[in-house]
């Protein structure tokens, strides 16, 4: 059994990790930390876990964590970078669901996250945890930067075309819609039902932290500089990301060939579902499941629209983290990740 | 492997049966029928099943069904009663998620459902599929009447007190709130988002078909006539039933003893969770899970309020049906039913 | 023109007062206070007011308020009681939308609100601002206790029957459902979309502050002691209260006569709509409007169910406050209150 | 008083016209038709109108309509074109909220709406009812094509830049999000709460009828051919459209100058609100109000993002129709249209 720990267990990615790891056949969660709730039972905060989880929150204690095989950080940026070096030194694998290791360049990190990177050495060792593009490097790594939720949806939707050099790079638009759980489990006025239900608005239009992450990874995959217009929107729903991706082809291409690019690229992927050409995936079709569904359109010759949906807490966070863990420990990649989406 | 069939596979209880039966270790769904969609793939209608379900709808064909071990009817009332006799004659077990066999008295059925009962003989053989109260009779039966969603929540909440003769029978109130999926997957104007979202209303206040069902079963369990004020409400949510149950004690009773009635009655039940006295269960704590969570209150001496929540599609329909199937085939009652509720 | 002020202008009742008072033909809002937002434009916080409101928040300043004709307190309990005596002394009318003056007995106030009442003298002068029952005393008063949202819905629904002595007093149940705006504009985790959308739960079952308010007023109206089972629930919607009220008749009564009790009692009321017997009012039918819609049912002889719906922010708060202001200044009671509910 | 009629009074635009016209100081609605509901009171279908509307639906009767001053068609396409010629001949003004007269070219109409245009003569006379761009032609017309909901939001957001020749025409993207009321008051399965709540999806990506309308009007305003990538999405909310509009500047331009283009263009417009540069308008800020709020961004030099929000039933339908009516009858354009948006 893999002994696992979760740092920051009172947020949505923390409880989602528990939902996935408790029934996982090869894992036992032994430690879950929360500074604020130390000493309290986890299921007192998350009653969906009553009867299946006997854990109690503990205060973060580096000593306790070093006895584990893997530690998940479900924390805001700035936390994992302070603990990862010691854990790695003790041969504990680290999977950071926060942003500390997503940007390979520490200066870019500093620019977007407003703080100097405090662990640039281990940053060099971190691998981007998008298995569909970095499967091999993940397996050989000890420190995984679990991708952001928007980047997961956008990269999976655009990479097949960019990888093949089919798109004009300067016309990319990613118009993204996210459920409110993407903002975290936090008592902000703008997230309460009377403010955020029955309304739609954009945010961060002038610049969002996920843009440099997307651009850097897509540049790496495609071998070219990428400039993306990226607009996130807050949706009146709980879970789900819908990315509407716009690009223009360099050369004319039939719908059939366009579809084939995606179908072939993801033919062996257990967690990417390429739908029939011209489909309209709904976020509810992935609710609770570790899957990205993708559909391709060509409304007019040369104009490509890719629709990509994920559950931001599963394929966009905790599910992908478990997928990465499976890679780290040479388990079948689908272990513990076969939940069917909850519809309706 | 148990060979299972689903009649009426385009509604919400049908697709929920698939979500539960596909990963069930002892079951293979071999037939799913739909008159309207015969010939179409199931996952074209329910994209959450893409990649895990290769079934195609077939037209209802009695012949095909008789080769199965069990048939689930996820149909409106009036369908199962016409097929059940033949299936039983061929030694196929029948679990009806509709209302055809819930009311033991065919005249009461006729009164509330507006049609004569066309299979009164097999009706006598039917057993009410609430395992917490009829576990043994279920195991010995061939025909299960799966309880209504409201009755499941109300009976599990009131029966421990009535069974013990603790409540005045003439003061019972069941104020029930249901998500819109309880109304079925049907294109009615009053169910569309602009009508049913962001609004609350009662319906059927003058009389609802689930009232005679609840009253009959509670009378059977308690040995007394029961008269219930039952008011269903439509909630602006997808899944979930919240039953708020009011009664008055015959004799004064401490909070501790009141709690003990529930704790003891359900101590061995895998799918009933008695929460700490004075809790407030939320429907989201059971979303997608086969569990009923119950909390007891005594706001003033002698006044009892029981809160009982279920997912109407799981413990209130498909999950309970699978639980009954497990009983029929002597499987562990929890087989295939260990999903953790999806929160948030 | 009536010069009006609003203390506590950043909450929902504050902004709702502005929505109603800005187009009011006889009122000019001259002052709106907020300690936290002093110096900021109101429409920067509430963009629905852009173009119609040039006000800027000021810090609370007793001096500025004494130059007004009326001051609305849209504040938590404990604020109005400290300012009201001085304002009344300066001949400024006070309408408190908080709870400071709703309970005539200062000891009951202390028991439920956890603080001694600091203005017991002016408390004696306060009048309960439910015009349908206290129209005359309101007109002669200087200090109005605007009713709570739940009490408005419950009292309007039960009082006609209790006033006429038709109900058994010991069997009253008020099962109430409220939209999330009833909890205020405050950043609490339990109110954010991922927690409070798509879920239903009860709260305060063991005792809620609105219960003593309802019981005291209904006792005053009926001349008898009243004991109510009162259960509030949080609904996944923004605005609206649905009160489902249960009682038992002392004597048999026809549906027609039952309906007549309500029809006659409210025949002249501009803001109470008695619907046809057996109707099911939806909260959306009063969204944004200063109206209470009521429907009566008698599911079984002797069992009465009254359904009463209001918009908690209008008839349950700001609209009723304006109605009271109209009474105080001898304006037509409907002045500024003719908005039609927004449906859908 | 202007005598008005509404053809097709059971849909959302019909009831919204009533909400706006009933309190309008210069209008009396005398006729409202519905084939299906003839003989029934309007307020039996729309209880928000109880107490303010005594109208009864009548069967469509050309004779009755010719006695009016203006007739609003709140009907699907294909209805108004059959009645308009006769009404115009009788000197009745016609405002069509459907699509019959929006596309000046009858062949384009036939292509997108699947039917030949049956009134090409009066089509020539029709004027596009977007007062911000066609104010004078509207005043001189007798037949108004009320714009589609998406076109209203998109054109108001893009036209100032295109009119001034500032954008590259071949890079325009309009990513649009609509509440479910935009799909009409119709019992379709895909619109019910369990399908359309808590989920987001695109639709009509390969081609939507509003695209040729937008392109034709923007071409007319700008004097250039326009090619737009237009993607509509269904949002889990009731009302509101959020258009996220992407373009690229021909020449570098400062944020200040960009903002000035909008501020100046709409300086005198009562129903277009240009927000401060870099704002994020929410659809709820226009709920129930006849206003379009617009905010401009320049995330990177040369990349322009315009956010434009309306209430699809008000500025996107009934409110704009009343605005057009005010123009036709030389009333102040804001008559009857001063409702403040309902927030929260």
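Should a chain be cited, it is by its letter among A, B, C and D, assigned in written order, with residues numbered from 1 in that chain.
As a working rule, contacts are C-beta pairs under 8 Å (C-beta built on N, C-alpha and C of every residue); 3 or more make two chains touch, one makes a residue touch a chain.
What you are looking at is a predicted structure, and each value in this text was computed from that prediction instead of being measured.
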Could you tell me which chain lies farthest from chain A when each chain's centre is the average position of its Cα atoms?
C
Looking at C-D and A-D, which one has the bigger number of contacting C-beta pairs?
A-D
With centres defined as the mean C-alpha position, give me the chain A-chain D separation in Å.
39
For chain B versus chain D, what separation do you get between their C-alpha means, in angstrom?
45
At what distance in angstrom does the C-alpha mean of chain D lie from that of chain C?
36
Would you please write down the residue numbers of chain D that are in contact with two or more other chains?
12, 179, 181, 185, 194-195, 197-198, 236-239, 281-282, 284, 287, 344
Touching residues (chain side chain D, partner chain B) in the complex
12, 179-181, 185-189, 191-198, 236-239
Contact set on chain D toward chain C in their complex:
12, 15, 19, 22-23, 46-52, 181, 185, 197-198, 238-239, 273, 275, 281-282, 284-289, 291, 293, 313, 338-344
Given the complex with chain C, which residues does chain B contribute to the contact?
171, 173, 175, 177, 179, 194-195, 197-203, 205-207, 227, 229, 231, 233, 235-240, 242, 244, 246, 278, 280-284, 287, 297-300, 303, 305, 307, 309, 344
